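As written, the chain order gives the labels A, B and C, with residue 1 at the start of each chain.
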Amino acid sequence: MASESQRAIEAILMVADHPIEAGLLAQVLEVSPSRVEELCAELRASYEADDRGFSIVRVAGGYRYQSHPDLAPYVERFVLEGRHARLSAAALETLAIVAYKQPISRAQVSAIRGVSADGVLRTLEQRGYVAEVGRDPGPGQAVLYGTTGALLERLGLDSLAQLPPLGQFVPGPEVVEALERGLRADAAARPGGSADPAAGGDALSAGPLDDSDG
Amino acid sequence: MASESQRAIEAILMVADHPIEAGLLAQVLEVSPSRVEELCAELRASYEADDRGFSIVRVAGGYRYQSHPDLAPYVERFVLEGRHARLSAAALETLAIVAYKQPISRAQVSAIRGVSADGVLRTLEQRGYVAEVGRDPGPGQAVLYGTTGALLERLGLDSLAQLPPLGQFVPGPEVVEALERGLRADAAARPGGSADPAAGGDALSAGPLDDSDG
Amino acid sequence: MPYTVSTPVFEGPFDLLLQLITREQVDLWEVSLSAIVDGYVATLESIQAGLDLETATEFLLIAAVLLEIKTRRLLPGPDDVELDEELALWEERDLLLARLLECKTFKDAAGALTRMMDNAGRSYARTAGLEERFAGLAPDPLEGVTAERLRDALQLALTPRPRPRVDLDHVAPVRVSVADAVAELVEELPRVGRITFGRLTAALGERLEVIVRFLAVLELCKQGRLEIEQAGNFADLHLRWIGGGGDGGAGPDLALEEYAG
């Protein structure tokens, strides 16, 4: 049977989206960092004994769950057949905001879009189109985001200066609606796109962590 | 010992960032969707037997890993900002109306609540729990709203069909009687007036209540 | 009589009425007429900041129905009551009852949603996403995205969402508050000095907007800043600014032309 501390480590690593340092786990669990290391090693051994499809590994100075290397072929097929194909309308809007308004903080992006941009930014970061480019000098020192060389390359641009200028006028509601319809149609065309009204939210912003207001 | 298929499901769900439909898992594993459901149920049972700090659940039409509810205190210490912000009473009522009556227009929501629903609907839309799902075909083409997959995830439900039937919440006879008493015009004292105290029953059945779980 | 409507969680007229009847366990008809009116007025005042016209009219409607029911009770005998009126009253009452029941139903449904959310909220989802070693495999999500599309997306993000076309429903919310209308009138009226109500509202398309203006006029009249004259029943109202701001006597005609233009 797993101990409370082991279970807590499992729960925390399960919801973390980046490697967690032993020191941080130790703090939350109120045990020593070396005890955390022992516990993680025990968990790892027990997953191995149970022949699980995942493992706890230590990367970049922290612990995280990852898929077992044995199963890479399945994961690869999942990635290829899965729904990661295209950016949703929400992701495209977020990317556009970062491209034109960089450097920009997560909170500023959310303010423009009117919804939390966390999940979308994380995805764009994972894809290498967006990266941290600095810290806001003000209080809080928010992370500032900008676009990468990979994005320019992908768009066939030499520099950000080549981004098409914004229109002088704000488009009328009909234009906006037409644009919106277009973007929606794109989003809906993705495999696994939600035709079900019950799943009408866009896939990216509808992530389960969306509750965080920032 | 875990089967290859079980291990593959574990590996795939480990790298997913949203609930994965049984159909997609079935495609990758080359088994039937019902087999996927069995495998996931077995995994779930084995995590429970091993007293793990996480579980596999089915929400919003797909499977995902999540932390065990027991360990919420640890996870919340880790996430600090408390991701699951609570909704106001007004937002919850509006959400209930949209959930049971969708697709529904803003004006219809307002009519049921007796107060303007604009602000609340906007909040729910920003949270990603409610989205435009279409237009009323009638004159005016009012925007129609429905609930999203993100709401199902937040509720921990697989589909809208799992919502408790609305009929369950129709007030019992005591409440109806109390309301009737409250609104009684004492017409009983007057011959000729429609003094039938059961008139309220007509109102109930003639009212816009709808038991369908829509 | 322990009768209060100043509850902190008040959520509109139905909510208030539900509380009065169910939670407070009072027989509404044992409460004095003035207590009901006072209750409504107090509530209206307490929520003035966020009060929209629709809510206010809903209040008035419910208050009117309650008062009518109550007066009926106080008036003697059925002989002086038209049958049609009597039926209309019952219809109103049944409608109100049906709406209250519906409101209560969804309140309880909301309670169930809350419990479900509280339970589900104790678990947190894994959202880690792909490990780096698989990242290169996923098809390029920017497939087909051009710089122009990026610009269009930004335009869209920066543009206020289009207001839905006017809901033809007569209960379509019109977002004008009486306070806003008062502020407008305080700015306009000193300039024009005198104007008829018909003229003042000639440019307004929505009937609700006219009603809001009317309420604003009454409010200013109550404050003693405006005089209202009416030659006879249904004649146009003549408004004259008398308090604060501009000099109502100086060249009102000129100003009036300006306004009409």
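The criterion applied here is as follows: a residue touches a chain if its C-beta (ideal position, glycine included) is under 8 Å from a C-beta of that chain, and two chains touch if they have at least 3 such contacts.
Remember, predicted model here, so these are calculated numbers, not experimental data.
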Pairwise touch network: line, ring, star, complete, or other: complete
By mean Cα position, the chain sitting nearest the middle: B
Centroid spacing, where centroids are CA-atom means, of chain B and chain C in whole angstrom: 28
Distance from the mean Cα position of chain B to that of chain A, given in whole angstrom: 25
Centre distance in Å when chain A and chain C are each reduced to the mean of their C-alpha atoms: 41
Residue list for chain C, restricted to those that touch at least two other chains: 124-131, 134
Residues of chain A whose C-beta touches two or more other chains: 11, 14-16, 65-67, 75, 79, 82, 119, 123, 207-209
In the complex, chain C residues that touch chain B: 9, 11-15, 17-18, 20-22, 25, 27-29, 52, 54-55, 58, 69-70, 72-73, 77-78, 81, 83, 86-87, 89-90, 93-114, 116-117, 119-131, 134, 164-169, 171-173, 175
Complex contacts: residues of chain A adjacent to chain B: 1-2, 6-12, 14-16, 20, 24, 28-29, 46, 50-54, 65-68, 70-71, 74-75, 77-79, 81-83, 114-115, 119, 123, 192, 194, 196-201, 203, 205-213
Residues of chain B defined as touching chain C within the complex: 13-18, 54-55, 57, 64-69, 72, 75, 79, 83-84, 86-87, 89-90, 92-93, 95-97, 99-100, 105-107, 110-116, 118, 139-143, 153-157, 164, 166, 168-171, 175-176, 178-187, 190-194, 199-200, 202-204, 206-209
Chain C contact footprint on chain A (complex, rising order): 11, 14-18, 64-67, 72, 75-76, 79-80, 82, 84-87, 89, 91-93, 95-97, 99-100, 112-113, 119, 122-123, 126-129, 151, 154-157, 162-167, 170-171, 173, 176-177, 179-180, 183, 207-209
Residues of chain C defined as touching chain A within the complex: 124-131, 133-135, 137-159, 161-163
